[in-house]
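For reference, the structures are reproduced in the following blocks.
Two complexes are shown next, each including chain A; its partner changes from chain B in the first to chain C in the second.
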Partner chain A sequence: MALQAKNLEVTYRTADGRSVPALTDINLDIADREFVTIIGPSGCGKSTLLKCFGGLLSPSSGEVSVNSEAVTEPDPNRAAFVFQDYTLLPWKNVLDNAAVGLHFDGKSKDECRAKGQEMLELVGLSEFAKQYPRELSGGMQQRVAVARAMAMDPDILLMDEPFGALDEQTRQKLGSEMGRILTETERSVVMVTHSLDEAVFWADRIIVLSARPGRIAKEIEVKAPRPRSLSFIGTDEFAMIRSELFRLLEVPSAMAGASSTDAAAGQ
Partner chain B sequence: MMSATSTQVISGPSRRLKANLLRLVVIVAFFGIWGWAQGPGEASTLIVPKIGDVFNEFFSFLRAGEVYDALRVTLIELVIALAIGALSAFAVAFWSARTDLRAKVVEPLLVWGYLVPHVLFYPIIILWLGVGMSSKIAYAASSAFFPIAFNCLRAFRSVDPKYVALGRAYGASPRQMDWQIKFRASIPLAAAGLRIGCALTMVTVLVAEMLSATNGLGYLLKYYSQSFNTARSYAIILVILLVVGLFYMLISKLLPRDMERRA
Partner chain C sequence: MHRWVLLAVVIGLLVVWEVVSRLEWVNPMFISRPSDIVAALPDVFGDEKAVDALETTGTSIWWAVVYAVIAGIIGGYLLGSIQILRDAFFGPVNFIIGIPKSIFIPIFLLVFGINTQAAIYYGAFSGIFYVMINVVSGLDLVEDRHMMVARAYSASWWHRVRDIVLPASLPGVFAGIWYGIKNGLQGVLIFELFISVGGLGSLIKTYTNRLEIDRVFVVVLGVSIVAIVLGELWSAIERRLSRWRPSATASADTAT
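Right, the complex of A and B next:
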């Protein structure tokens, strides 16, 4: 078991002192090498959940553990983040960005360079090592961000809408490349997305969250073996799961019980 | 204000040529008007000296020792004032940025200190420190302190939270977070404050020398203009403009460029 969440609950306190539940009753087990996508209506707490998994946010109650160790603070060797807006440091070149976690960890310069270069090769950017993030396209920057996460050799990769800021073509191209990389490295991945296609295409298992407060409304398994080629999008399995997701997310009454709590918590 | 916070990008050789030509036109027009005022304009040489006289004076300055002595005094005052002002401003800003409370207390004080005309205190500073170099340094350092401290504090407080989140997620220690994330991310804005501080230091040092001093470029300017030596006054202004320009160029070279375009 790579990651385990038990009775996870997150409550926000607003400026005027009211408490707003963001996530409630989250129980989840993620297996080694499993690829889990999390999808849900906007504001349902997808990113919050991911932050709890990575220790960036402490849950109000319940607990998260990775390989049976409780997560209380971020540890990139345990769970490494890939952020939506890449968040490369603009004052460091690509190589130093890829190795930034190793650098923070106090690894020697040579070690950082070697590992960073290796990871850049993995994502196909080794010849851009000396360049600065601003000189790279969005898709390339996101690959650097993936290299940075992989350099930590994490048990689990946490990706927050990693392709969200990219245009459709880049997204597909990067997607199929990432598929190869993530499958080759045999890691558990949790990916938050708002795209139905992405949620189905990537996942061994899809977690559908209900509207606020977010709770697990449904888990859907995708049986097709990974890595999948783009032709998977044309299969019946893909179409059926996608239409079910569509129903759950776009038809308010389909997500049982979610809409009433949403109305109560909305304002 | 000479705060060149935005770096203009004029690309292409033809555009650069155009810009340089225009600059040349402005300079030629300036001297044209000057020459006209001297000739057909019949302006008094007490108001507008002859161009040739000014340059003669300028070159005789370069040969004589007097101006170098004044230049040395002014430069020493400038550098020491800027160093004291900037370092103390940086220390105060760094300390204040550590907690919300400190920032809340200190920030309005810095704004207030920024807005107050420091020249008010100059007579008192002279009483304390005399008319020598130390009073110029104290006065200029105190005027440079506030804009630099204010901008540094703002810079430290407004670091994009996404960089802080990145630091946390990738295991930065508190020290690494301070210096390698927060400090590094705030450099562009802090540098803008330093530029303003530089400009202010130059102005205050020269003004202070003109008000009361025993040496320095500002002192020379006052001395020549009060003895109605207009050509010499203009020549000394030329020297000052060159010094200010060079100093500013040097500072711009030393300060990091605005490289943090949204990545």
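Right, the complex of A and C next:
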């Protein structure tokens, strides 16, 4: 079991002192090498959940553990983040950005360079090592961000809408390529997304969150073996799961129905 | 093209100046004329007092700027990163920037006496607040998303400062240093003008009192050249240190 969340709950306190539940009753086990996508209506707490998984945010109650170790603060060797925005450091070149986690960890310059270069090769950007982030397109910058996370050799990769800021074409191209990379590295991945296609295309399992407060409304398994080629998008399995996701996310009563039937089944 | 227009304007102004002076539309005693100023060049540079004054002022400006920049950067970082200091002192600092600093000259005289040290401290005083305020706005350029990366990748305090806060705030620090140079230079000259402690400011006063306006302009020209050279030097350094910034160079055109 790579990651486990038990009775996770996050409550925000507003300026006027009221407490607002953002996430409630999250129980989740993520297996080694499993690729899990999290999807849900905006504001349902997807990113909050991911931050809890990585120790960037402490849950109000419940706990998260990675390989049976409780997560209390960020540890990039355990779970490394790929963020949505462009978060490369603009004053460091691509190679130094890819190795920045190792640099923070106090690794020697040579070690950083070697590992950084290796990771850039993995994401196909080794010839851009000496460039600065501003000289790269958005898609390339996100690939460097993936390299930065992978350089830490994490047990789990936590991706928060990593391709959300990219246009559709770039996203698809990047998607199939990243699929290969992430599958080859044999890591557990949790990816938050708002794209139905992405959610289905990548996942071994899709977690659907309900609207605020976010709770797990439904878990859907995707059986097709990974890595998948783009032709997977044309299959019946893809179409059926996608239409179910669409129904859950776009029809409010469907989500309510999903929660209540799950609750009924649990009893 | 732009450069030629500029040159034409400058030459035009010099010609107008010469003509106005020669035709005595304005008394030449007050405004001198370009040809006389050029003729006075060897006089001034041959004047031992002038060479001394240049050295005095140069040294004073150097120390004034060094003090202003060092104290200003430290003060700016403290002010920018400690909320209670910011609440307490940001207002007063802005206030001092808003008033003419020359009203404090008598106090500097009182405290330090009539000497070049007083000019140095006054110059530092003239520059320090500009340095501070720019460093504070530099700190505001530090982005939350980069700090989040630092946290997610467990950067130590030192790494956060060294790899994120310092480089992100560098544009503000650069602007601060530049304003420190400009105002430090100004402060020293103004002090020397008001109080005869030696240096170029005092020299200008002496020449003016002797109605040697052509020599005054030679000194003014000299000071301007020093200021321009300093400015150019500084922007060259800044360009070199901020290569990563989009505005620094115009070659951000790599495709997917």
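Things worth noting here:
Note that in this section the second predicted complex is superposed on the first by the 256 of 267 C-alpha atoms of A that agree within 3 Å, B and C clash if a C-alpha of one lies under 4 Å from a C-alpha of the other, contacts with A are read in each partner's own complex, and residues count from 1 in each chain.
Everything below uses one rule, namely that a contact is a pair of C-beta atoms (placed from the backbone, for glycine too) under 8 Å apart; a residue touches a chain by one contact, two chains touch by 3 or more.
None of these values were measured; they are calculated from a predicted model.
When the two complexes are overlaid on chain A, chain B and chain C occupy overlapping space and clash. Using the contact criterion defined above for the overlaid structures, shared-chain residue A:76 touches chain B and also reaches chain C. When the two complexes are overlaid on their common chain A, residue A:170 makes contact with chain C while staying clear of chain B. Residue contacts after overlaying the shared chain place A:131 against chain C, while chain B stays out of touching range.
Legend: residue contacts after superposition of the two complexes on their common chain; A:141 is shown touching chain B, with no touch to chain C. Judged by the touch definition given at the top, the superposed model places A:250 against neither chain B nor chain C. By the touch criterion defined above, A:32 lies against neither chain B nor chain C after alignment on the C-alpha atoms of chain A. Residues 54, 56, 74-76, 80-81, 83, 85, 87, 89-91, 100-101, 104-105, 132-134, 148, 152 of chain A are contacted both by chain B in one complex and by chain C in the other. Those residues of chain A that touch chain C in the complex are listed here as 54, 56, 73-76, 80-81, 83, 85, 87, 89-92, 100-101, 103-105, 131-137, 139-140, 148, 152, 170.
Interface of chain C with chain A (complex): residues 145-146, 148-156, 159, 163-164, 167-168, 170, 243-246, 251-252, 254-256. Here chain A touches chain B in the complex through residues 54, 56, 74-77, 80-81, 83, 85-91, 100-101, 104-105, 132-134, 141, 148, 152, going by the rule given at the top. Contact residues of chain B toward chain A in the complex are 162-163, 165-173, 176, 180-181, 184-185, 187, 259-263.
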